[in-house]
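In the part that follows, the structures are each spelled out as structure tokens.
Consider the two complexes below, in which chain A is the common component and chain B and chain C are the respective partners.
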Partner chain A sequence: MDLFLQTIMNGVLIGGILICLTIGFQLTFGVLHVIDFAVGGWAMLGGYAAYWLVALAGIDPFISIFLVFVLFALIGRAVGPLIYHVRTSRYARPDLMALAFTFGLFLLMRGGALWLWSYNSRNVESVFSGEFLTVGPVTIPVLRLSAFLMALLISLGVFLLLYRTRFGMAVRAVAQNRDHAGLMGVDVKRVSAYVYGLYTGITASAGVLIATIYSVNPSVGVRYTLFAFFVAVLAGLGSVGGVLIAGLALGLMESVVSTYVGTRYSLLVVFGVLFLVLLIAPKGVLGRGI
Partner chain B sequence: MAGKFSRRALLRGTVLGSGALVLGAPVVSAQGQEKVIRCGVVTSLSGDNRFGGNLTRRGYDLWAEEINKLGGIEIAGQRYPVKMFYGDAQSRPASGADAAVRLIIQDKVDVLFGPYTSGVTLAVQPISAKYQVPMISGSAESPNVWLSKPAFNFGMIPAVDLTSDKSIKVLAENLGSKAKSVAVVGVDEPFSKETAEGFRHGVQEAGLELKRFELFPANADLTPIISKLKDDNPDIVAVGGHESVFINFVNAAVSLDYRPKALIMHYGVTSAAFINQLGEKANGALGVSVWTAGLPYRDDLFGTASDYSELSFARWGTHPDYTEAGCSASGLVLQDAARRLGKAPPWDQKTRVELTKAIEETDIETFYGPVAFAKEGDHFHNNIKPVPVVVQIKDGKVVPVAPSSAAEGELQYPMPGAS
Partner chain C sequence: MASNPGQVRGNLFRLAAIAVGLLALGVVPAFIDPYSLRIVTGALMWAGLACAWNIVGGYAGYISFGHSAFFGIGAYTTAILMQAGIGMPFLATLLPSVVIAMIVAAIIGGPTMRLRGAYFAIATWAFAEMLMQLATILDITGGTGGLSLPAYLNEFFFYYTMLAAAAASFLGVWYLIEYTRFGFRLKALRDHEPAAEAMGIRTNLVKVQAFALSAAITALFGSVFAYWTTYIDPMSVMGPEITDQMVVMVLLGGLGTIWGPALGAVVLWITNRYIWSTFGDTVVYLPVLGLIIAMVVLFLPNGLISLIVGRRRGRELISRILRKF
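Right after this comes the complex of A and B.
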């Protein structure tokens, strides 16, 4: 029973990490209609930023996360118009071109990180590293709990932004129909760039926490891109609400399968479920995906 | 396009090309006639494995520099300098094979020094066999490298299944009745899986209880597996993987309030990255090394293991690990085989085959330890002589703790903060 309770807790906390990673990805897909392969790259760079802020300035990741958010939001705001330009190009298959663009961006990030910081893994230390809470038989790592809370906060923040602000209304309008939104006076290009900035800020901040939980090296981005894509497909591409359910479901699935079936089968089961979802409910768990 | 390519240009190109060929021919021919031993190094000088690749290069280069200080390799009373050529495998097997072909065809190397990774080694093996150029590998630890019985390839480092197997036995002997049970986990990829298999075999041979054997994908979150280990509560946990997995494993274990009495991993534990990145959390972790500077080995070129370590430090600014040592010792194997062969370079194909036979008969003592290659079985042409040293991280330093002949400190058991 103790192991079962710990397994459920592990699953929920893994889910929190997945949600952190995916929520911005979904937002940007909804608005820009781009599957951003660079999602893992932004998370990886966020992790490195946290590492260097600890190593050079002694700033704890729980403080630097805000700096990282601002820094990467600005970078994303600058990159956003480029992606928008590619995505709305009049040349053939702009959707594929945008996909290739983000893939190239990801390769650039990975190659740059490898060139700058080599292949070695970096451990990001925080005051909460190694700290845990004990509730009955269950051990709760503080860092993972923070990631889970951050996932909830980001989700709440994104919902408030989308449904309680004029900017959110513009974002929803662009997501619904870009041309009509433009005709109604929404500056589609500007909104898209801000959304991309928001996404890179959120994802890099998630990368800070993830690097603190695990470690960071140039190759981790591939893994994060893969996981973000898993969650996004299960949630339904573009569905922000579905991410909460999909992230938790995948986290629990990974934990339960790893514990009771065998860790080596966990990805097999995850792939199997994704296959079934694409077959039976291609719009995701809430049926709101694109 | 056709208009731009005149008959005059064609004639001029042909004449110039022919001239270059005629003038260049003696140079190419002279390349093959030089009284030097031409050694080709195929390794990963760029790409993901460039760090390890450059370690191998350092090891090979240090040997070349030292032997050249003496005038070269002594053959039948005369010394022949060594000339090094490099081929970048770019951390990719196919590129490694291409680089080996270039070294053999263009640079006309007499012998190859092998790549850093097992994957590239496997790709280069057919090339060395095709052109009958012996290849001595100072790295490459996968047992798969030797399964196909490569006729021209020799490996200095015992395959990982041998080292992990022996290390568990060494540990069990040292701990006696204090440790009764072991759980073995590892990443489900060739190198780590073979390490884990080796650990499992060692557990069975040592008569310990195997509480769990489990492989996990490289991308897996480790909390479920740590929770299971915590539930099993074995005395020793053995992990097959690379340094990044070890870092994640230790982090995940600490975050779940779990520290086994002994945690043994493999190569990555001795790397500076593991110790630097984990800091205090690394203390107590056990690792395996086939060579340390404190071992009582010596030879005529490098002196003792400690002398070699200091020499390498003076040359490169860091103390060598066993990969660098194995690569430098590869040169000693070539030296010994060439001396016994007694034929002056350049070596033609027939002589290279004879050299290969001479390498096969190697039985020497070096600063790196004893070297002799298996002539049959699953570890064909692998140096199976060295006994692995179990090391422990103590206050951020790698301290050999077993076997007693190599120990420089006591094995700390249970490890600090054990649950």
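Right after this comes the complex of A and C.
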């Protein structure tokens, strides 16, 4: 029973971070109608940024996460118009070309990281590393708890932005109907670019949290892309609200499989379930809409 | 098919060009050193793989990020059947490898190709990753340790095998796409799926046929590759780099054209080998691939082939050259 409680706790804590990882991805799909293969790449680069900020400037990841957010939001704001351009171009299949474009971006990030920083994993040290809280039978690493809270804070920020500001209203309008939103005076191109910037900022921040908990190396991006896909497909592509439940579901699933079946099967099970969900309920288990 | 004299002449011209090309490729081994021969053999393999990916990506309009799975199925089928216990001869393993790949493709493709393009891309990708994980766990595939095959060190054999496989793939696909009902259906559904359906085309069936054909060709090259390198492990035959290269080669050469993928494959493979011989490894090749995809999508959506053969312009150029003789 204690083991079970511990497993559930671990799953919930990881689930919170998966929510943070996927929420921007969903926003991008809702607004730009682009599946961004580079989602794991942004997270991986965020992790490296945190590593270098600790290694070179000695800034704790829980402070540097704000710097990382701003840095990657600016990068994303610059890349966003390119993706918008491809997606709204007059190519025969703009959706597939946009998919191929983000696939190329991802390859560029993965290959660039391999080239610059080679294969070895790097740990990101934080003041919270190595401290534990004991609540009844359950041991909680302070690091994971703080990362979880930070992830929830970021996600809460996204929801406030979406539902309590004029910018958020514009984003939701574009997601509902791009043409009509444009007719109502929304600058669709600018909103899209800002949403992409917001997405890269959030995803890189999630990458900082993940790198602090585990470690970062050039090949982790593939796994994060897959996790983001999993959560997004379970929630229904483009559904921001559904991510809250789907993220926790994946966190719990991974935790339970790792504990009771074996760590080396966890990826296999994740891939298998993702595949089955795509076959049985491609529109998502939790419905859709922003 | 060809009813007017112009078309007959065009077809004769094409057949003559193909015959000359095959003859030229057939005598290549006599003129180059073994190292270069290996590079040319590799170029033939990648050209064939690009051709296979192009059936689904270029003609059906469904981007697959999971073709490494079929390459791996082919490689592992051949490797397992040639292990000491079973000991089948190499050529006999080709049929099982192709058949297994087609069956798996039909099982995977049936449900996922009903989904829209983005879901299909995710599903194939998840499937390929799942299969790679499986290959690292199972005993029959040797886990992460991989499998060794009986070594057969005859570069000429592999050159001509790859040449035969590549030529068969290209000519077969060319014939199927340009001269049969299957090809017309495929192009119809790529251009407008609802309209194709309204014309009475069973789009799901055609898509699955295309996917199975593509998987079969990919598995065939996987089989030859396994015997050629004599050692395989999950990363070398199922790793994401295989799919990456196939996608980039087709995009670079020209999506949905017959000869574009071959052009893209040759250009990229020579680049790959050049980087490998200059830097000692191919790490820098990955970011280059990524950059190429992004640039092609932004500036050259129809690929390199659109620079060379602007369809009519290219044909005029050739006829103008011919008139001078």
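As a working rule, the second predicted complex is superposed on the first by the 265 of 290 C-alpha atoms of A that agree within 3 Å, B and C clash if a C-alpha of one lies under 4 Å from a C-alpha of the other, contacts with A are read in each partner's own complex, and residues count from 1 in each chain.
The working rule: contacts are C-beta pairs under 8 Å (C-beta built on N, C-alpha and C of every residue); 3 or more make two chains touch, one makes a residue touch a chain.
The model shown is predicted, which means the values in this text are computed figures rather than measured ones.
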Exercise. Would you sort A:P137 into first (chain B), second (chain C), both or neither based on which partner it touches?
Key: neither
Exercise. Examine A:L226 and indicate which partner it touches, taking first as chain B and second as chain C; both and neither are also allowed.
Key: both
Quiz item: Who does A:G157 touch here: chain B (first), chain C (second), both, or neither?
Solution: neither
Quiz item: Thinking of the overlay built on chain A, is A:F271 touched by chain B (first), by chain C (second), by both, or by neither?
Solution: second
Exercise. Check whether A:F103 is in contact with chain B, with chain C, with both or with neither, and answer first, second, both or neither.
Key: second
Quiz prompt | Contacts of A:N120 with chain B and chain C, given as first, second, both or neither | solution = first
Quiz item: In the superposed arrangement, which partner chain does A:T259 touch: chain B (first), chain C (second), both, or neither?
Solution: first
Quiz item: For chain A, what residues appear in both contact lists, the one with chain B and the one with chain C?
Solution: 114, 226, 264, 267
Self-check item: Residue numbers on chain A that touch chain B, as the complex places them
Solution: 2-3, 6-7, 10, 13-14, 17, 114, 118-123, 125, 129-132, 134, 139, 141-144, 213-215, 217, 219, 223, 226-227, 254-255, 258-259, 262-264, 266-267
Self-check item: Touching residues on chain A, where the partner in the complex is chain C
Solution: 35, 82, 85-86, 89, 91, 93, 95-101, 103-112, 114-115, 222, 226, 229, 233, 237, 264-265, 267-268, 271-272, 274-275, 278-279, 282
Quiz item: chain A touches which residues of chain B in the complex?
Solution: 48-51, 188, 214-217, 219-221, 223-225, 227-228, 231, 243-244, 247-248, 251, 254-257, 273, 277-279, 281
Exercise. Within their complex, state which residues of chain C touch chain A.
Key: 61, 63, 65, 111-112, 115, 117-119, 121-123, 125-127, 129-130, 133-134, 137, 240, 244, 247-248, 251, 283-294, 297-298, 301
